[in-house]
Structure formats: structure tokens, C-alpha cells
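Read through the structure below, which is laid out as C-alpha cells, and then see the notes.
Every chain is named by a letter (A, B, C and D) in the order it is written, and numbering of its residues begins at 1.
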């Protein structure tokens, strides 16, 4: 019995160890932290907050700053967990000074670990960059980071400083020019990149890649500059090996976590009566100001309004069409029967369904879309080098997307954004036309 | 970073050739008065901008030559080839048998659409030769038919085909009188159309350059070649390499973009004037010395007094006192003849360039009320001397410089339009009275916007 | 480069044309020393391989083999054309370029226009087409004819109509020699007015020439030469004398000197389109700049200098004199005084070693003494061709769209009315098929309308100038 | 007098965008400079000096360990294949070079790595001018003969093998069961009832729905034309009817999302306390959509031509630009329209202000309208 326990302990400590080693170095906790958290030791609490903070910050793509005050870190972690749908109320009641709750945090960590494939995500995200990495999605662009810090800059303008609209036009113009310069730079980078790929064809030891990346080409030329890269690569290899180890030992960890959960449930029952009022105080909420909710509700309202108008128009159209159709059918009933219209109708139904299939697909978020960074690889359409060109070929140890696919995706995105912009501009045009009518004695000649 | 030059019509082709000549001889020259390394990187940057090199051959200008009649192109190609230090690509030109006959409508509505594909193919080819395409520099006159009409059309095509490239139109403003009778019509149509598709219009007035030839260059019998050489010198002084921004370490690889960003972000203000000092006959150059403070002082006074050259500057003109002024729209308190700027770019080339004090250009009273000097003023520098001038300074200015010439052209064209003279020549090719009216309206707005700065 | 085809109709047209081809060959011979068929040559000449005999294929590049004029010679009498075919220019034309008859038009516009027009229409079209086919870019037709006779005025204007129908895109320049008041053809006022209607409606540009003016110019030159003042310094090879070896022979063939002036007018008009220059002036620019309203397309021309000095180093005073002369009354090719009339537009076509600063200086100098219509105060068009005419260092052709042509038209109208009131000689016309009295009244009112248009413009002269108010902008 | 506080946020947003753009340009310029440098000149001296560890000397002196030999074997195999690929990509004269190279490789696979291109290809050697005077060559001339340094090759292959193993590694049944038990367990302790969507999911769903109205309109437009045959007309009618269904579905989805937002709002940790403390700076975290889990092995993005590469980057840039443009347009609408509608500005500048705002809001700042005085009523 005891030997079994010992063996299990040893397995558990190996699992926790592997887990910790598989985490990225800046966030890597000591295995002891997790063990202590299991017993809800207060001294592990701060470490646990820091761990979650570091991990979540990495997932959210922004810089991890150790210097952030602990209460800010805690606030961020709570917010991020909420955002991802972690709804265990106990976590949100933890004190904001980080004085208690390490076990609660261990639970949250474990939940994240599975629900968000934390390890896999972080490994992929932090992958050492040796190739010409480029992102295949535009997720990072979705929210202009310029919104951040806007508030601060806005404060620089005192309320008495009037900003002339012509100055805004000037800034906007500069912004437009800047994009063009950026475009030219990108085009050049593409040209150079392609040349390097073409010229180094066949030089890479990894035949799947074939050619060198810019970094690798430079590395050939001046290897002394790339000592650090080599270290990173090695440390990543170790992390990966730890991950493999973890995958072997994983069951122990989850069983262990189950016991943690059970223990807590038991304890929870004991003091349920005491906590009851807390539970309640969270639920009845006055509709407070929440910018996030406001903005989303606004979007939902706008969309619903559009869709409802559309629905009404469509309804009218369909009614009219139907009436017309019935009329026609009535007149030509016999004729149609002779032609065997009913069999044809089935086919027509099918083709109509097919037509809208795309649309219904578009209504649901595509989960399996490619995200993140990829290594750019040149594969000419030469028949000899056809290998691995189609997307996600399972035979290959690599997943590959073709640029054609990404381009198609981007084109759709572009079209939809352009539509949105046009709509906004049209909306403005209508409002400005109304205003123009109110302007005294002038006629506006639009360009 | 490369610029593709598009030379349109007789004027565009003649000037284009002089520009490449000037740039090439300046870059090759050993008179840079700077270190060997400096000279080399200047030379390399210049090469990349304007030329590409076929294996061990003479550099080939990144240019497309377009004209509707063959004489000028033939002459231009052969003159360039004879220079021995550079040449045009033998295939990068397009011409037809018969000119546009000074008729803007003929160039714009007939020749343009008819030859669009051929011309744009040449441009595309030239663009693809560039690692990084900064944009297009089109050279044309606004008086004639090919440069102006076809030029406006080609500019539009460039905008459509290269929506992310910069387009700078170099426009030759005809002599006030005596070149082409319908020049004011052609100019109004050209300017209004360019205002739609171009990013900036860099203007040279023939009358001004003619005066420079007579009074500064001491040329007795002034030919078009003389005029064009002065223009080429001034353009070279802007487009030859300079360091990017204050204290930059590298020669800028984005000349057109940098220029546009600093001078013409506002869609209503696209007219650029150019001043360059000193200018003098080559043989007097050796006996003259200049100081930076002197040059800067002159250049600034040329700016605020709207002097066209370094002679006969009105030194009485002073900037308005700030604070007492009512915000824009009310120019009554402005000193008479004071030239208000939107934005200015000063380019300094030559000895001791880094110690030059440009404080007088940072004066907020030089600029329109809604821009501060940090946004409105920029300076580019290089210690490399330009075209044998030990020190030289250029000013590219988006200001009221061109207000009066523009007002004149529009006024004269309007007079003619009121009597319906020559309209039949345009309607023949599909440009109707309505089109004229649209052009007049747009330009009156530009005039108004510049007036109330 | 674009090409032009010359259509010379009638006796006068063919005589002038003959001088034109002679001078054109000389000019190209002087410029084109290598004997290479070049673009400039191609504008008026084809180069044909004649080794295989007959009308061989065109040669576009290389040595000159055999030059053929891009011309169509039309006359309803054989005399002049036969003379040409026996003269030194015989190789320049071949039989496929000729249309002749033997009976003549009898100084009757109606016979030329209606009878011969009808009869030769297909032949003319066919031969014009042949000419056009030899051009890779046909830009211009030059019609040379006289207004007073029958063939030139009648058939000439018939050809003009034909060109408009068959080649609507090609410019039509007409050089019309107007009869003098003492013309020996009695019906010349009829012929001229009937022809004027056609010119009004179908020509792009008309260069009116009056025999009287040519005669005066030739006489004046002779006086100067004979007075001895200039005799020793006048070059043998100058403008008027170039057809013959010496000044003497001018007297032997009095019309040659006059015709040479007209031929030179055409050469200078087309020089900038043919040769290099720092400010080219293509033929289509002429009507674009000089014709503000469709019917006002009569351009008064003047040529200077009419003779050259032996001194090669022309002082600029001489150069400026050339500009002054071009505006003087006695250098105009019609009896008119542009200086005291109203300019609608003016073109200066300069050849030789003249630069833009010379142009500007002279325009500035001359402008104050000239009256320009209010809406075209800067109505100057200029061209600089670097190749001077043979024997000159420079030359100037001034083309003026000026109300000074009006008196010529009024005089014509008066002479016409004198005859028409009496219905004199009308029956000669009316018996021609398709000719009715209304033709006369319509031609008359066409001329009157033209004169009225000039009158209206003249009325604005000297009055207070008020510019129309500009478009207003809100801000 | 106009209230200046409004456009301030816009000015700030523009300034921030400009700053960010400048940063992007600087960063990219650095990369461009590096690539240009690589393409320009390769001093042959430099190249020789830089490869002491990977050259023949390193291989000869130390006897490799069995493990290293094994690795070398693997590398050599890879190189052989690479040679074939190279042959197919670069035609003449490399075809010839490749063929001779292959022969020598076939005979002595082990020596291949130790002896760089010397024996393999005498023509290339002279082209490099290695034995004679130091000559600069370009990447074009020598690119396909480059060799990555041995330490890197080793580290790289070990690393990529590790990735490969990770990719193939699967969760055991046992682990999955334990994991799921835990997750189910913990989720029963969540606030009941559990919202159907997490905030992140709400945002994602909403983003997808944004395009639907426009797409639907397109479909309807396509169906609104006259139909020549009854069949087509019937088909069109059916299409329209199913569009109705789609619309209802979308509206239903929106309803669900609205409820989800409400319930999430009540849970939002930052909104629990004092009013207005919900800081917009934290919500929502950036790039949440960008969830690359499951992509354990080296993901590749393959392009087949320069044109494709160019289009790809141009499009990416265009999309980010549009994102920014839309965001700015929204700020502008929020800030500029009220200024104009408030009519608080001096009357004289009304027209001027109107023109500027029109240019910005309706024309994307590109083209400007003209205001003419209205002719007096007759």
C-alpha cells in the first residue's frame, strides 16, 4: 500500500516536473509551487498568480512585464479567465493582494491547461524563429492597438486646445502615405525573400524545406552572431522532450487534480452556509456600466436592426414572387404536368440548397482555420517538387497551407471589410446630406 | 528604392533627358567634396533610384518615353545614347505618327484610351525591374495636347494600376503668352484632372526659369535647352540622395514617400513650388563663396516674399505677428505680399551641412494656423556637394507660391470660355462644356482654399 | 511621321504646285546630304523601287531610289500638266497621279463643280485612295487652286467636299488664290463667291492669297535689286530667285517668282512637322490654335525675309526686323493690314537659328502695337524649327486670324452683286444640271454671314474691356 | 466656439496610428537591409574565415562518436534528396552540376559532409575563385552551394525530430478520461447556469455575423432579375425562401448572443465593484482569435511564385489597413458628426468645417467637395 503510494508520489512528482519543464522559461514555476498550492499554502499564492499572469499574457500576445504591480496582475488574470469562460465564482472572490487562494489558482491553471491546450499553444506560439515566419491570419490586427494609449495621448491636448479638422485631415493623409510606404517595403522584402529562397534552393538539410531562410543564410555567413539562437533551439528541444514526458505521465496529474477538487468540495460543504451570502451578492447585479457589454450590445442591436429590415423586405418579395408563381403555374398546370415538372422540381430544390450551402457555412465560425506563424517556403509548381503541396497532408510530419488558400481567405476578409467601410461612409453621406440642407445659402457639389 | 520616370510629350521628353543627364553627371562626378565612402553610397543610392545596370553596360534610365509623334523621341534616345554615360532602354518608349495637335481632348479622350494598353505595359515592365518601387515621376507640360491630355490620362491609369504607389507630376507651367493659344484651357483641364489622381504637382514656371537664365545664368540667347537644364538642376537638387530625416544614418530609400508625407498629406493642397540657390554660370562658380547663414537667410526671404529667384528679393516683407492674429480665414491682418506656407522642405547639400541653423524656418508665423512647425517643416541634408556647387540649398514649398499663376490661368481660361471660343475643338473629341465647368469649379475651390490659409 | 497629299487643281494650282515640288526637292537635298530616304522626306514623297519597271513597291528605309510626289494633279486642260511632264520634274509624277481633260471649264464654276465633278468623281476618289494607301499615317490634304477660274474653283471645291466625305479624319488645308479686281475673267466674282461657300463649310483652314499682293512683293524685290542698294549683297539662291540661276531669269517667267512665294509658304508651314526643332508645331496644331470658331478659318499669311543678305552673321537687329516685317502691310500675301485690325489669334513659325528668347523678346515688343480680341489677349502660338530654308539663316511665317481679311471678302461681295443684280452671265451657269438660282443666293448669304461674324468681332475692338465674372465659391 | 475636446481623441488615435506605423516601417526596414546585404556581396575570404568548424578540418581531426555518425548519415540522406530537389528547381547549368555531384555522393555518403563542394563540383570551385584571389560573389552565384554550420544542422535536426514526435504523440485513453472527469467536475462548480458562450466566443460569433447582411443582400440581388424559364423562377423562389430561414437563424443566434452578453456582464470581474471601473484597456485581450493549438509541428506556408508571395503580403497589409481605417472611421463618426450637428461653431466656418468633414467621412480623405453659393431665389 505504502509502496504503491510512494510509486504514485514519484510518478506525480515526475509528471509535475515534466509539466513545469514544458512550460516556457520565463513563466516556468518550481514544481514545489504546484505541490504547495495543492495544500492551499498562502506562500504559494503569489507564485501562482504570477504563473497565470505570465501564461495569459503570452497567450494574449503582449509583452510580459514582471514589473506590473501585483494587484494589476491579479486584475488581469481574473479578467482574462472570465474572458475565456472560467466561471468558478470562488476565484473572483480571492483577495486582490495575493494573500490567499493558491489551491483555487491551481484549479484554474489546470482548467486552462486542458481547455485551452495551454502547453501546445505556448509551444507553438514561442517556437524559435529560424525560418521566414509570417502569420497566416490577421487576428492580431482585429483591434487596432492604437486604441491603447489613446486615452493617455488625448490627455495631452488640453480642453482649450482646439484641434482644427484640417489638421486631422493632415494626419490622416500622412497615415495613408505611411501605408503606401509600408506597402512598397513589403513588396521589396518579398522580392528579396524570393530571391534568397530561389538562390539557396537545395541547400537546406531538411528536404521538406529545400531552401534556406534569411536567418539561416545569414547564419552561414556569420555563425558567430547566432550563438544565442543555437541555445534557444536547444532549450526548445528540451522543452519539447519535457512535453513528451508529460504526455506519458499526464494521467497521474489529472487523477491528482480530481482529488484536489474532491477535497475542496468536501471542505466547501462544511462552510457552505457561511459562504451563501457571498454567492448571492454576486448574482443580483444592477446593470452597471460595462463598456465591453455596451459595445457588443450596440453591435448586436445594429445587426439585428439590419437583419430585421432585411427580413421584412425579403418577406414582401417572397410573397409577391409566390403569388406570381402560383398564377403562372395555374395557367400552365397541364403543360407542366406533361413535362414532368415535379421530378424536375426535386433537382431544382437540390441546386437551390447547394447555392446556399456556402452561406450557412459562413454563418458559423470556422474552427479549423489556420492561425499563427508559419515558415514561408517556396515550392515551384514544377512537377518534380510536388511533395507536400496540398494542405495539411497527414503523411507528412508538417502541416502546410498553400498561399493560394491564405490569399483566398484574405480576399474574403478584404471584401467584407471594404463592404463595412463603404457602409459606414454611406451612412455618413446620408447624415451629411441632411446637414447640408440645413446650411444657409450653399449647394454642395460632391466630388 | 526606385523611381520610374514617365516622360510625356515634347516638353516632358526634353526635360526628362536633361534630368537624367544632370543626375548622372552629378553622381559620376568626383567633385562631391566628401569622403570616398560618402561619395560611394551617394552614388549607389542615386543609381538605385534612377538607373538599373545591365551587365557591365552603361546605366539604363528607369524611364518610359511617350509621345504621339516620333521626332522628339528619336532625338531624345539618340542624344542620350551619344552621352556615353547613360542611356534609355531601347524598348521603353512609345510613339505614334501624329501628335495631339495641342488639343487636350485629343490626348485625353482619343490617344489615351487607344494606347492605354501599350503604354501601361511599358510602365509595368519598368516597374517590375525595381526591387522597391517608390513611385512614378511624370514629366509633362500643361500647355500642349500630349503632355497635358495624355499625361492626365496616363496619370489616372497609373493611379488605378498602382494604387499604393506615389505619383508626383512634374508640370511645366507655360509662358504667360506665346506658346500655345489654348494653353489656358489645356492647363485648367490638366490641373483639375491631376488633382484627382496625383499625389503632388511639382510646378516649374517657364517665365521664371527664363528669367533665371537671363539674370542669374547670364545667357544671352536663351534656348529651350538652357531652360530645361536649369529645371533639371533644380529637380536634381531635390531628388539626389539625402539622409533620411534629422541625424539619419542612411541615405533615404523612400524619396517620394518622404516628400509626400512632409508636404502634401492634405487633399486640397497639392501644389509644390521649388526654389534653389545659388545658381550661376559655371565659370563664375569658382570665384564665389557662400556661407550657410547667408544662403538660409536668402532662401527664407524668398519664401516669405514669394521671390522667384535670388535677385530682386523684397526684403521689406515680414511675417505677421502671432497672437494678435485672428485665426485663419481672415487674411486682413497679414502683411501685404506675405506668402503663407502650409509646409516646407529644405534640402541642404555640401560642406558643413550639419552645423546649419535652420531656426528661422521653424517660426510658427510662417505657417497656416492649423499646422505647427513640427508638422510643417522638415529638412534633408547631405555633406555631398551637388553639381559642382560647394554649398547649395533647395526649398520645396507647399505655399501660396502658385496662387497667382493659378488664378491667372483660370481667369484667362474663363474669359475664353465665356465667349465659347475654341470649345468646338474639344467637343469634337468628347469633352463637353459640362466638363469644363467641373474643372473650373474644382480649381476655383483650390484657389479659394489656398487664399484663405 | 505623318504624311500629306497635295491636290493641285486647275492651271494656277498646278503651276504653284510645280514650284512647290521643285523647292521641296531642293530643300530636302540641302538637308539630307546622305541621300537616305528619311522620315522628313516621307511626309511629301514616296520612295519607290523602279528597277523592276513601273510602279514598284515602296521602300521605307535606306537609300533614295526614286522619289514620287504624294500628289494628285487635276486639270481640265492639258497644257500645264503636259508642260510639267516634259519638264525637269517629270520623274516625280506618273500617269496614275494625273486627271486631265481637253475641253476646260470655260471659267465656269458650275462646269467644274457639277459637270466635271460628276464625271470624274470615281476617278478622283480612286486616285486619292491610291495616294492614301501609300501613306502609313495620312494627316493632311493640301488643295492648291484659284478662286476665279472654272476648274480650280469649281472642281477644286468639289474635291474638297469629296475629301470631307471620304477622309473625314484628315485635315484639309486650302491654298486659294483670289482674283484681283482687274481680273480678265469676267465671271470670276461668281466663281469666287460660289467657291467661298464651299470653303466656309468644308475646309479646316484656308490660306487666302491675292495675286496683286504677290505681284507687289515681287516688284518691290526687283526694285531693290535693281536699285543697286542690295544688288551686290543679295544671294543668288534666295527665296524668290531659287527657281532659276539668276535674278535675270525671273523676268523671263514672271509668274514663277510669284508662285515661288506661295510654294515657300507651304514649305514653311510644314517645316516644323517635317524637321526637328526645340518647339515643334505639327500641322494639326494650326487649326487648333488659330480657329476659335469653325467658320472663321481664314488665315492671313506673311513671309519674311523675302531675300537674304550675304552676311552670315546676322545681327539680332536683323532678326528683330524680320519679326517687324511680318506684321507690316506690304509683307502680307493678301491686300490687308493686320496691324490696324483685330487679331483673333496669331502664329509665328520660325525656322533656323532662333531661340525662345528671341521669340519672347519680339512678342513683347510687338504686342503693344497689335489689337487682340478681349478673350484672347495672349493669342500667340509659336513653333521653332531648327532647319532653315535653303539659302537662309532663318525665316518667319506669320499666320494671322485677323479681321483684316474682311475687306477682301467685302470687295468680292460687291463685285459679285454688281454682276448678279444684272443677272449677267447667269444663264451659263443655270443651264448646267443641278445648278439653280438658289445656289447663288445661298452662296451670297454664306459670304454675308461670314462678313457679319467678322463685323461683330470688330465691334468689340476698342470698347471698354469687361471680363465676365468668375465662379464664386462659398469658402 | 467648437468644443475642442471632441476631436482630441481622434487626433490622439491618429497620432498613435502614425507612431505605430513608423515603428513597423523601422522594423521592416531593418529586415530589408539584412536581406539586401545577403544578396549583395559575399566576400570569399569572409566566407572561408567564417566556416572553420564546418570545414574539412573539423571533420578530419576529431573522430565522430557513433551517435554523431548516425546523425551524419541522416543528414547525408537529406542532402541527397535536397540535391534532387535543387536540380528540379534550377535548371541549367546547375543540372550538370547536380548530376556530377550526385554520383560522388552515391559512392561515399559519409565523406560527403566532410568534404565540402570541392570534389563534388570543380566548376563551382573555380566560379567561386576560392583558390585564387579573393573575389566577391553574389548569393545568386553561390547560394545553392551554401552549407549550414554543423552545430546548427545538428541542433536543427534534433529539434525538428522532437517536434515531429510531439506531433505524433497522442493522449492516452486513460489520460483523456481523467482529464475529462476533472473538467466536468470543476465545471459543475461554475456559476449556474453556465452561459452558452464565453466572452471570447461571443466576440468571435459576432464577428462572423457582421458580414451576413451584406452577403444576404448580394444573394437577393442575384435573384431579383427576371427569369426566362419557369424552372429558374422556381429555383429563385426556393432560394429566397431558404434565405428567409437563414435570416431567422441569424436573428435567433443574435438573440442567444444578447442573452450571453447580459449574463457575462453580470459576471465580469471588473464590473462587480464600483461603477465604471471596467477598464477598456484590458478588454478584450488581444489576438484571442489567434489560437494556434494543435499546430504542434512546423507549420509551413507554401507559395509557388513570386507573384503569389507578393499578393499575399499586399493583401495582408490591405486587410490591416482596412481594420485601422474602419476603427478610425468609427472614432471620426463619433467625434466629428456631433461637432457638425451641434451647430456651435461660428457661422463663417460652417461651410469650411462641413467640407473638411465631408472629405474625411464620405471620401476617405481623398477627394473634396465644392460648396457654391446658392443662387438667390427668383
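In the analysis below, contacts are C-beta pairs under 8 Å (C-beta built on N, C-alpha and C of every residue); 3 or more make two chains touch, one makes a residue touch a chain.
None of the values given here were measured: they were computed from a predicted structure.
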> Based on the averaged CA atom positions, which chain is farthest from subunit D?
Replying inline: C
>> Using the touch rule stated at the top, which two chains are linked by the largest number of C-beta contacts?
In response: A-D
>> I'd like the Å distance between the centres of subunit A and subunit B, where a centre is the mean of that chain's Cα atoms.
In response: 48
>> For subunit A versus subunit D, what separation do you get between their C-alpha means, in angstrom?
In response: 12
> What is the distance in Å between the mean C-alpha positions of subunit C and subunit D?
Replying inline: 71
>> Centroid from C-alpha atoms only, then distance subunit B to subunit D, rounded to Å. What do you get?
In response: 39
>> Among all residues of subunit A, which ones touch two or more of the remaining chains?
In response: 166-167, 169, 171-174, 176, 178-179, 181, 183, 185, 187-188, 191-192, 441-442, 445, 447
> Mind pulling the subunit D residues that touch 2 or more other chains?
Replying inline: 29, 32, 314, 349, 351-352, 359, 365, 367-368, 370-373
>> Two-or-more-chain contact residues of subunit B, please, as numbers and ranges.
In response: 132, 164, 196, 267, 329, 441-442, 444-445
>> Show me the residue ranges of subunit B that touch subunit D in the complex, using the header's touch definition.
In response: 132, 164, 196, 253, 267-268, 329, 441-442, 444-445
>> Which residues of subunit C touch subunit D once you look at their complex with the stated criterion?
In response: 471-475
> For the complex, which residues does subunit A have touching subunit B?
Replying inline: 164, 166-167, 169-174, 176-181, 183-185, 187-188, 191-192, 445, 447
>> Help me check something: in the complex, which residues belonging to subunit B touch subunit A?
In response: 1, 131-135, 164-166, 196, 199, 254, 257, 260-261, 264-267, 369-371, 375, 441-442
>> Under the stated contact criterion, what part of subunit D meets subunit B in this complex?
In response: 29, 32, 314, 348-349, 352, 359, 365-368, 370, 372
